[in-house]
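Given below, in the form of structure tokens, are the structures.
Each of the two complexes below includes subunit A, the first together with subunit B, the second together with subunit C.
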Partner chain A sequence: MTNLNTVDAAAVAQDAHLESADAVIAKSTIIFRRFMRNKTAVAGLAIFLALTLFSFVGGFFTPWNKETIDPFNIGMPPSGDHFLGTSQAGIDLYAMTVEGTRISILIGLIVGLVSVLIAAVYGCTMAYFGGKVDKVMLFVLEALIMMPALLVVAVATSGGGDTLKKNLPSWLLLIIVLLVFSWMGTARLIRSLSMSLMQRDFVKAAQYMGVPPRRIVWRHLVPNIGSLLVLDVTRGVTGAILAEVAFSFIGIGIKLPDVSLGVLIGGATSQVQTFPWMFWVPLTVMFLLTGSLAMMNDGLRDAFDPSSSSVGRAKKKSGQRTGK
Partner chain B sequence: MLRYLAKRGITYVFMIFLTTSAGYFLAVSSLKPALLEQERIPRPTPEQVANSMRLKGLDPDLSPWERYVEWLTAIVTRWDWGRSPNGAFINAEFGERVWISTRLFLAAIILTLVIGVALGVYSAARQYKFQDRVITSYSYLAYIVPAPIAYFLVQLGAININETVGKRIFFVTGISTPGMAAGWAQFVDMLAHYAVPTIAITLVGWGSYQIAQRQYLLDNVNADFVRTARAKGLTRNQAISRHALRVSFIPVAQSIAFTIPAIFAGGFFAEKIFAWPGVGSWSIDAISLQDVNAATATLAYGSVIFAIGAILADFATTLVDPRVRVQ
Partner chain C sequence: MSNETTIGPADPSGATAERLHIAGLHSPSDAVLSVRDLYVSFNSENGSVHAVRGVDFDLMPGKTLGIVGESGSGKSVTSLAIMGLLPSTAEISGSVRLKGQELLGLSDKAMCAYRGNDIAMVFQDPLSSLTPVYTVGAQITEALTIHNPGMSKPAKEARAVELLAMVGIPSPKNRLKAFPHEFSGGMRQRVMIAIAIANNPRVLIADEPTTALDVTIQAQVLEVLHTAQEETGAAVVMITHDLGVVAGIADDIMVMYAGKPVETGSVDDIYYNPRMPYTMGLLGAVPRVDVAEKSSLVPIDGIPPNLLHTPTGCSFAPRCPLVTDACLAGEPPLLPADGGAAHKAACIRSEELGGDVNVLEIFSAPPVPVSRFDAVPRGERSTVLELKDVRKHFPLTKGALLKRRIGTVKAVDGLSFDIREGECFSIVGESGSGKTTTLLEIMEFHKDQDGEVVIGGISNKQAVDAKAKGAMRREMQMVFQDPTGALDPRFTVYEVLSEPLQNAGMDKQAIRKRIMELMKLVGLQPDHVNRFPNQFSGGQRQRVGIARALAVNPKLVVLDEPVSALDVSVQAGVINLLDKLRAELGLSYLMVAHDLSVVRHISNRVAVMYLGKIVEIGEVDRVFGNPRHPYTRALLSAIPVPDPQFERTRERIILKGDLPSPLDAPKGCNFATRCPVFAALPAAKQEKCLTLEPPLEAVLPSPAVQALEAGPTAALDQQFACFFPDGELDEDMLVVHETADPHGP
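Here is the complex of A and B:
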């Protein structure tokens, strides 16, 4: 596994070109091919990218924005003027959906990526040092798991007279709180995985060579649990999007005038009968978003799983078994 | 075993103390009940507000530390969790609401666990068959729907059923109809109120257990010890249920510890949407009413639930896993 990473690019290219029986294919190529073979996962990726694109350029296709009130079209169903209809206050739903999708994706990506990063560093540090450090850090971790995140979100986003609240938009505040409470489960998992890695020879060798701990964690532990981390990123993104929707749905979390999918869905629940489009449009977008991530998740797991049964041609070609 | 449990118990009590204290400081420094008092009509003077707050032990002039010491002494010496800004006693209100929450979630938690694990085993034994595909895709679907929205959709469905039948079969909000005579009618009324929330929570909840149980069982079905069991003459089902199932249940049992607080957190949403006045909806209301003591009490309750879940998980692990010996 480690040999493969050190094979220089030219040799890999040459080997792949030769397509001989024992050709070595770079691990990233295999992962990429496996991922591309999974049609569901590719479709998921396409939907996700399309939604992201939509959230950034979608605003240019409509003359309305989320602040303009159209007094002639209040609470109108979808029509030529307003693609997706207007809200009770006469605001174009399409413009709000574009804005809400962007905020939701932003929250998901930031929380998903950063929380996995925190979890990786924290978990590896615990496993590397062990002993007292491990005990203390585990204690902190469990204490954080114990705190009901929802209460803290509610206090942080609605507490009166908070100076923090005035300086930050509510979505940024939500990101911070979600970050603080989202990394513990992954960190625990990473800790147990790294603990078994610590027994491996290459870590011991590095220790005897006098490589500083920080570099061992970063260079030897983190890359070896990489596949798990990639999976946890997509799962974390889904989790953060769902958490945002859930919190905003019951009226804590993101506050108007900031718009997110959760705010749109939550605001429309009381009027499902009268303004059904206000409820179903953001809900569909949310399903597309979380659904596309779930579809990718499955393909990613197959692609990164060393014992995957969906090996196809890539495995046959590489005589040497890649991956562990 | 008992010594081990006692040791874990002490650690958790310490942890609960820490989280509750941290929660108290967070609440006391960001929640200002006096601001809400001033919106009353006729508008009270600041002195009147401060005075009424002081009488309830919520003196806004004291520093957070002084209030913390006062609050903690009351709990330790008298088991008195303080009062709300409107004068209600936390102890009394908590006792009432915790019972409502427990009634709401107990049936749902048990159903979720049993259905999830059973379906996981069923689908693992029929991997990639039609039944497995249907069950597992449903679980993935449940995974991408946020809990409150799923509850809301179930509620909408129940309303639709009521409308099509033209009679009120399910009650979608509340715990019971007031003024119902005791006996059979009351029992039917209770069932009608319980049905929708319980079904909603169960439908959303079992997916993660099903996926986990299926995954772990599949990891073990081809293990050596299962093959040995088959070689000894057990049928495939016997080998799975006696040998593979036990081992594969261990990680699931571990995850229960983390899902009990999750169900509690999901409980906020369920209680809000189905209008059950339990602990979860109380904690949200406490924050919007700037009620420091109530918010802290619900937080402490959450921590206790987590500790119980964690200890139960340890206990379950030792029960099913012969390799684990606790000291």
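Here is the complex of A and C:
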């Protein structure tokens, strides 16, 4: 027999050592800790969660909804009846803001998540196969980047998309159009990142074991760019919310009777002087939404970046310093 | 085992008193650098890491101190602390005095007056320590300008030329205007040394200066460091993990473990009379290139301690085979070992140890495993891998729009060899010699390759469909160089090991069983399967990599530098494991390695490659014991041996220059440009080397043996490609430090 036994004994000792010394911290724990260390990011997360909660349960706190017209209160500033006042048509602004926030967050989340997913699969596939596949896929990507998104959105949501519009609510249509035009930048980033991952030995090891390409992409490439994906989701959400606001503002995004923050802001611009609450309330909500996401993003980057200086701020455990 | 507890309790107070006494005097003699009680700690996610815990040393002018230790032992942190280069988050205490002047606590700006002037540093990675956008000349003159503001421009230039010439860069005047990328790694390290000695420093700190370089280049750079020291009279602190490198050049050695020096003394004391089990283990863990006799290496079990908590007992106790209860009662101080005040060891049992103790016995090294194939003559074993005239040429093109072919890089040029069952075949050579390309060609296994690769009876010329390829993959698996990179960080060990099994179409139950078997086979705890790779040490990760390669029961395992990324003490364990597996499972290995000592230890046969060609091939003891090709001889003489006496007296062939670019490879013998034999040949014979390509020829037994044996004698298992193997060596390329004191006046 050989030294199997001695090695095992050593492994036991090591095991005890590893556990007692809490040397092993799960990566998720480290990321969580680092994120929590960034106070701005935590505040951002809190604001975002509060807004999401507000958009879903806020409707229960008012008897009004976004369609009911209050003929006695037309264009009234905030009062006891209507927390945030009413519009020119006598619709409660609070109800509309709740609804608009929900639509905006929904659009942001769906577009942010799905576009990153598309980008991940597309980018990884390009990187994995390389050669001709890469060239063709890259050409498609470039073509999409060059296409004028604004025009397509305008056509799809107003004139040309009549048949589509009958079947789909305008916010869903906007989501689809935004999706088509939002994943390319990320896909290119992921492609370059995966290409460097392809050089790593574990991908080579899988290839040499004969693992089929599809599985290598799914099991080895996509999870390993996870931190980038998380960062890109938050960025994508912000981008989608801003795009929705911008499109709706110029009148080609969400169409009434659907409301969104963009529609509210766009509709109120001409009346800032007469009905200021109609303009400032949705604008504040939008700033809170995108601002909180930006704050979170900063903290996430800090948490995922292995070279960040976040460790320097780690609390020193007391009583562990040398007696010097 | 006797418990000599009498020394234990009385000790610490005495040691503290002595230390304070020395600290009070501070550089009692003429020490140029004296470090006292140096403590460094860093913040991490897990709390404070005590990286350095009480380093003391005095460095005398003109002497060399070698600091030896594994990664994480605090040797680099010590050097950075001396230089004042640690980040501001590090907490440093103690005292560092340069010629009596305290350096710790000086501001960054104040330190600048010393750095590069009185105290200079050579870093590990020459590729990244020079700024790519400035010429080499500009970077050398920068070092001069900063500390000598009054120096005139021509004077600076003259000094730069002088420096470059000193470190052995040909035509230094022209090379001043060259950019770093025009230099090879070894050349860049020479430039780094030139910059470091520009202002005649009193102390030169070299942090693993040769680790990133090839052995032949390492020999050159060590030689340059030696000349630099002689020219400037500087004291050198040489930090390394390689006991061979310091054996030849250091006067004193400090062995560090877990942030603390555990043994200090003169070179001879440390190598011939170690008094600390860790030092003994380290010395026993390195295979030697000059020893043919096969014995197991000394494995030091376990991993270095976590420096989050200050150890309560001896920091080496958990891994020490001689541990007693007394060892756990307080950290032993550095005490004079065998009477001589210079030799100190931090071990309460140092009295019992010494040069005559058998290390293999203490560390209970496993016996040398014997394979069932060892008894079978090589010719009767079946072939598992055969390469026939494999070539890999890359076209070199120029031009952006119209690509013109301006040459061919012959990465692999007509390689033929075979591997039999149960044997380990190694390929050695400098980087750029085509070792890795050969491996890739074998792993690639494609029909369109130039040359034939036969794996387990399946030829790449016939294997076209996925099924044949799958069969081939089951015959051959690979272990990678970097165990961290080869394991997906998001996979648990179970997932890592199940991947090849799933791929082979095994069901869940069978996979589970096989994984438990594998874990046991490579010496890992079966309940560790749910861990992630980052929860293991480097050696354990490499074991996981080996287990993955063995999962599908291959006949041949390809090892790409399997231990070069591991620490010395861990390396021994992995080499022993590979040896054992080869014997028990009847595996064959194809190994690529640059460490010839490891190759000699583990292989049966070896091929030496140079510029895509095999220059010498054969049984390992023949090739290493009686090298015929001048390149093999040069390679072997460049390997440092952990034996100070031997190192000082051995004759060393220092090759000139670097591996030539494959583009300007000579027409005849590839090696002619650097060959020590060629340089000494008369012109008529040189002509032959330059025009004809030497073929691989078998070594014939000596005439005496032929006379003894009746009838024709079989050729020996050794072939080489050289016309003049017995030629004289060129004197310029031979270096001998025969004097007992290598740093005489």
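In this text, the second predicted complex is superposed on the first by the 287 of 324 C-alpha atoms of A that agree within 3 Å, B and C clash if a C-alpha of one lies under 4 Å from a C-alpha of the other, contacts with A are read in each partner's own complex, and residues count from 1 in each chain.
Quick note on the criterion: a contact is a pair of C-beta atoms (placed from the backbone, for glycine too) under 8 Å apart; a residue touches a chain by one contact, two chains touch by 3 or more.
Computed from a predicted structure; not experimentally measured.
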Partner chain(s) touched by A:D92 [first = subunit B, second = subunit C, both, neither]: neither
First (subunit B), second (subunit C), both or neither touched by A:G291: first
Which superposed partner A:D258 touches (first subunit B, second subunit C, both, neither): neither
Which superposed partner A:Y208 touches (first subunit B, second subunit C, both, neither): second
Subunit B versus subunit C as contact partner of A:A143, first or second or both or neither: first
Subunit B versus subunit C as contact partner of A:D232, first or second or both or neither: neither
Which superposed partner A:T269 touches (first subunit B, second subunit C, both, neither): first
Footprint overlap on subunit A, where subunit B in one structure and subunit C in the other make contact: none
Touching residues (chain side subunit A, partner subunit B) in the complex: 139, 142-143, 145-152, 154-156, 158-162, 185, 238, 242-243, 245-246, 249-250, 252, 262, 265, 269, 272, 283, 286-287, 290-291, 293-294
Touching residues (chain side subunit A, partner subunit C) in the complex: 2-4, 6-15, 17-18, 21-25, 27, 30, 33, 200-202, 204-206, 208-211, 219-220, 223-224, 226, 309, 311-312, 314, 316-317, 320-322, 324
Of all residues in subunit C, those that touch subunit A in their complex: 37, 39, 41, 43-48, 50, 53, 87, 89, 91, 93-94, 299, 301-303, 305-306, 308-310, 318-319, 364-367, 369, 443, 469-470, 473, 477-478, 480-482, 485-490, 499-500, 503, 520, 523-525, 528, 534-535, 537, 540, 548, 552, 573, 576, 580, 584
Partner subunit A, residues of subunit B touching it in the complex: 15-16, 18-19, 22-23, 26-27, 30-32, 35, 140, 143-149, 152, 156, 258, 261, 264-265, 268-269, 272-273, 283-284, 287-288, 290, 295, 298-299, 302-303, 306-307, 310
